[in-house]
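Two complexes follow with chain A in common, the first pairing it with chain B and the second with chain C.
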Partner chain A sequence: MSLTTAHSVVAPSSNSKRIAGTIIVLYALISIVPLLWIFATSFKTPPDSIAYPPKILFQPSLEGYCNLFTTRTRQTPEYINSLGPATGFCDETTRKRNMVIAGPSNFLPRFVNSLIIAFGSTFCAVFLGTLSAYGFSRFKVPLADDLLFFILSTRFMPPIAVAIPIYLMYRELGLSDTALGMILLYTAVNVSLAVWLLKGFIDEIPREYEEAAMIDGYTRLQAFWRTVLPQATTGIAATAIFCLIFAWNEYAFAALLTSGTAQTAPPFIPTIIGEGGQDWPAVAAGTTIFLVPILVFTILLRKQLLRGITFGAVRK
Partner chain B sequence: MLNRTAENVARATPEPLARKVRGISDKGLAWLFISPTILLLLAINIFPLFWAIYLSFTNYRANRPNEVVKNLGLANYQRILGDKDIWIAMQTTAHFVFWTILLQTLIGFTLAWLIDRKFRGHAFWTTLILVPMMLSPAVVGNFWRFLYEPQIGLFAYAISFVTRIPPTDIQMLSNVSLAPWSIIIVDTWMWTPYVMLICLAGLRSIPEYIYEAAEVDRASNWRQFWSITLPMALPFIMLAVLFRGIENFKMFDMVNLLTGGGPGSTTEVASITLKRQAFESWRTGYSSAFAIILFVAVFGLANIYVKALNKVKQR
Partner chain C sequence: MAEIRVQHLRKAFGDFVAVQDSNFVVEDGEFFVMLGPSGCGKTTTLRMIAGLELPTGGQILLGGDDVTMLRARERDIAFVFQLFALYPHMNVRKNIGFPLLAQGMPSAEIRTRVEETAKLLRIDHLLNKSVSGLAGGDRQRVALGRAIVRRPKCFLMDEPLGTLDTEFRDLMVHELRELHNRIRATTVYVTHDQMEAMSMADKIAVMNHGVIEQFGSPREIYDRPATMFVADFIGSPPMNFLGFGGGLAKGAREIIVQGAKVAVPEVREDIAPSDMALGIRPEHIRFDDASKLRGAIYGTEYLGTTQIVAVETADGIIKARVPAEIRLSTGDHVGLTLSSARLSLFEKGSGRAVRTAIHDVASERRAQHG
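Coming up: the complex of A and B.
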């Protein structure tokens, strides 16, 4: 430190560092409380979840997860006693509440829909986005700036405004409430992000690599395949995760355009109800399962996060 | 493997044909690569937009597809601009956008400024702060309903613990004057990290030597903040405000699940009104006109703002 005098002049004092650190840690802890509460609630029994004052210490239970995956009907104690021995934990907990399991709930199919639609649309958006980004990055495209702005401007539209004509169009084409319709829609929304992000990543790859490859006798297509794609892998992966997160979290289109077979998890989770209102432990369990993949992705993405959320407008 | 095959094919191909294949290279390839994206956007974004423009001049109702569609001219637009409820919704939206942006910018910039001190472990805590903004606003917004429950909810309990107001009185979602703040709080909680991240990039882009020069000139910390830190980070702050402004003007998912526009219509932001008109009252033509007005408003405001942003950048 003493050698680099220039730095020591402006380096924050250790005291100000300590104060800054304390405030940041406090903010982080407070802002994370709602998420911890979701996690904790998912392991509470329904009576514990609505206790007053709110219970911070409680006996953990998997009842929320049982309720999330099953539908139950109320029965008389006599009927329940007449049944054979309970099979498994969920059956036993349900019977303690004078209910029997009637069948699986819709959570699993909705979750699978979310997976299919999110991964399908991400694949399409990244595929189209990579091609377009390469086109814009390497070739002289007439009106390139206008086209790029056009691609971005599709993001300015309020989702509900787009949803009205899409709803009518899909009704005509028989795409309402289908996974294909949702994949097409999410691809169209995500492709703008993909083009902008990937163009930034591809711009950073020196042209000399392709030119050298083409002098060696590769065609443009081969050079793209052999030299550009391998170097853009990190950028493509980051873009894919951003598209995935958007499609995974999307609610407005999903709520308005799907109702049954193609419904995704976000419009489904708020409709999980127990007897007399929302079954909060089950909602919390569904929310927890739904959020965990995103938590993992956020940690993986932390270096590219800034670029992704600003359409590549800000790079670190 | 694939490439070797391709090379062999290339070598075996007679010269004129090879030239033809290579001939499509640049210009042809550019269009080959770009056109699928443009076509998709034309089909899923632009065509529906033009359809909406057409519908906005009619009395079409999506729940009565067989009825004769009448051309109303500009009547829908006139009715919207004279509709009191629409103006109330616009005011609610403006209130929401103003307060969320103000709070997020103030808190976000402060956090970024503190993180920029680079205390030990700052990378870990920064990542932790970023988590809320990556989550689904719908799913998390739904859970906030539980946190806001007057008696059993954690939020009401914590507030009553601090203020000693009985927890049954903290009716965040059903009290007319508190409900608008309940959505502002959740939005601020979710998106402050976003503003923080962009501000942090701005602060880190300021070259060290400027501070060194200021230090040599014995400028006070206060003076350095106002004449170096803030002006140089301003383009980034403005960019964050632009992105948040557009997003919050369109805000639908979190508000729809948290309050659904209620109680009454106290939290009915523009998107909620649009959804009620389009998918509950089924006034498709009328709501299309409103959608077009909203779209033009976002587009126009964003354009003016970007011009201002560029001016600040050039300074």
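Coming up: the complex of A and C.
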């Protein structure tokens, strides 16, 4: 008995490997089902999307994407027939439903807002986080422990707990519904995470590197730039992904503080449902496109992310 | 190249005094080693010379200029770290050229200088390699290259061989000394390894608890330790101590240890009665049945040409280094004869060495040479 236990600790038996593999595959399948569902729905026609029982096999259509990017108005068949020939696929599909395209929807500007706000706040949080983490790591900061605890304490409650004060402050300051306001807010929430994550990474980089550079004739800032930053890229990349995911997905503050020009994609997508019936394919199309940037960013940085999750994995 | 002059140097971290009142001069072109156990203040002293720590008091003069409060990059020195601190994101060529880049040197000149340096260290074939794949000795050579390439006023090295394997270390000790003989750069080298210190240094400072216990050539430090700490720290096995009581009068040539008369170098100062210690290097003990100083064999360590014999005396165990041929078995009673001319005397309370003829012979000899 004890022998087999010891054996399984050293090298997993083929049986336990198989069981572990099965569990992982099952879990992966369960996790991916909603994503596949959304992806499939985005290519269904509205009748297919609400068919019961759900259609696994269906004729793919881009109608959802057409509806996502346009606004449409209902017209009489006579009026539609009086128009010239359809100008493209979307025009044709819309006419079949007795509607005409009235103009572009707000999806694209909302998506661009999301990009600006999420990447902008991620950049700010990582920039400030790197500098503060370096400071905490290398210098004798008075009350450093208390300050670090204070920084962390901003994460003790869900950010939305302070929604009302922030709403009132933003209204007073004229930051409501501005990209700047949202960048500031997301930066403030993320910077604590960034400081703590990056401090761990920078602590792991021996200070001899900067000392060597400073003796070699560089200023501290140059030494930081040329020796610490290149070695902290793993940590910076991992931190950036975490910050970006938060800022990209954030819904509550966005719904509360943005309604017009600065609205991001998360609060916008649900509003599609209200326009002309429950247009699930359009919602699904919006969600699918919304997933792409995070997916690409994470895939690009996946090596750093994996190493980053196992903290302190900086090579010496 | 330049002389380094350290005057009344002091460093305190809060209540802890790391270095108290250090004074020494490293002459131009000298290989100077600071030796001591960990926490003795040797690295702190080195970091103050480098400008990585600022002193609490005292002065550091580099080639006559007061650099005490200057930044590291304004001192024109090179530093070799224990972990080498090679930049992992740069190849060997870039690592070595990094200090020159800071000076804004044109890239063609950097290229020439880096190649010259690499040739000097016999690493020219590695220039385009990444540093992460290098063996310990080669990493060490790259770190040295980065120091040499600038032609700085002096080299500071903080246990640069500390992480190398023993066999590599012996090789690098030899290589470092040879390199020093070629370029004659003023060098301050910190180590806790007496073998490194003895085999490389022109001058050694032995430090303990932030105080320089002795400053001198390897020979002086071994033959005429200034304190019991130095006598105990240097030598393997270290110096033996046998306690004896009573005072010493100027001119005395004999003391009584464990009831046996022992001839010692002529005492040159009066010492009031107190606890004293006689210091004997293991190689200055011979076995002689006629001797009144006796002990029993406790154990032996066979080393090939010699053997270390532990002898239990009335005052504890002492170790003797004797030829390997002598056959001994545990429990044998032996008499011990000591080489009188090479013995040291210490005051037990202060640990200070008593002034005797061996010191005077040394200073006379130095006077003749000087």
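Observations on the model:
Heads up, the rule we're going with is that the second predicted complex is superposed on the first by the 281 of 316 C-alpha atoms of A that agree within 3 Å, B and C clash if a C-alpha of one lies under 4 Å from a C-alpha of the other, contacts with A are read in each partner's own complex, and residues count from 1 in each chain.
Note that a residue touches a chain if its C-beta (ideal position, glycine included) is under 8 Å from a C-beta of that chain, and two chains touch if they have at least 3 such contacts.
Since this is a predicted model, take the numbers as computed values, not measurements.
With chain A as the common reference for superposition, the partners chain B and chain C occupy compatible, non-clashing space.
In the superposition on chain A, A:154 contacts chain B only, with no contact to chain C.
Once chain A of one complex is fitted onto chain A of the other, the partner contacts of A:211 are limited to chain C, with no touch recorded for chain B. By the document's definition of touching, of the two partners only chain B reaches A:283; chain C does not.
By the touch criterion stated above, A:166 is placed in contact with chain B alone, chain C being left untouched.
Vertex at chain A: the C-alpha centres of chain B and chain C lie 80° apart in angle, rounded to steps of 10. When both complexes are overlaid on chain A, the residue A:227 reaches chain C alone and has no touch with chain B.
When both complexes are overlaid on chain A, the residue A:51 reaches chain B alone and has no touch with chain C.
Looking at the shared chain after the overlay, A:219 reaches both chain B and chain C. In the superposition on chain A, A:269 contacts chain B only, with no contact to chain C. Considering which of chain B and chain C touches more of chain A, the answer is B. For the pair chain B and chain C, the least inter-chain C-alpha distance in the overlaid model is 5 Å. Residue overlap on chain A between the chain B contacts of one complex and the chain C contacts of the other covers 217, 219, 222, 226, 316. Chain A contributes residues 206, 208-209, 211-219, 222, 226-227, 230-231, 315-316 to its touches with chain C in the complex. Every residue of chain B that touches chain A in the complex is listed here, in rising order: 2-3, 6-7, 10, 21-22, 25-27, 29-34, 36-38, 40-41, 43-49, 51-52, 55, 62, 111, 114-115, 117-122, 125-140, 142-147, 151-154, 157, 167, 189, 192-194, 197-198, 201, 204, 208-209, 211-212, 215, 236, 239, 243, 246, 249-250, 252-253, 256-257, 270-271, 274-275, 278-279, 284, 287-288, 291-292, 294-295, 298-299, 302. Per the touch definition, chain A reaches chain B in the complex via residues 6-7, 9-10, 12, 16-18, 20-21, 23-25, 27-28, 31-35, 37-38, 41, 49-54, 128-129, 131-132, 134-136, 138-141, 147, 150-151, 153-154, 156-169, 171, 184-185, 187-188, 191-192, 195, 217, 219-222, 225-226, 245, 248-252, 255-256, 265-267, 269-270, 278, 280, 283-284, 287, 290-291, 294-295, 297-299, 302, 305-306, 309-310, 313-314, 316. Those residues of chain C lying in contact with chain A across their complex are 50-52, 71-73, 75, 77-79, 81-83, 85, 87-89, 98-99, 102-103, 132, 146, 150.
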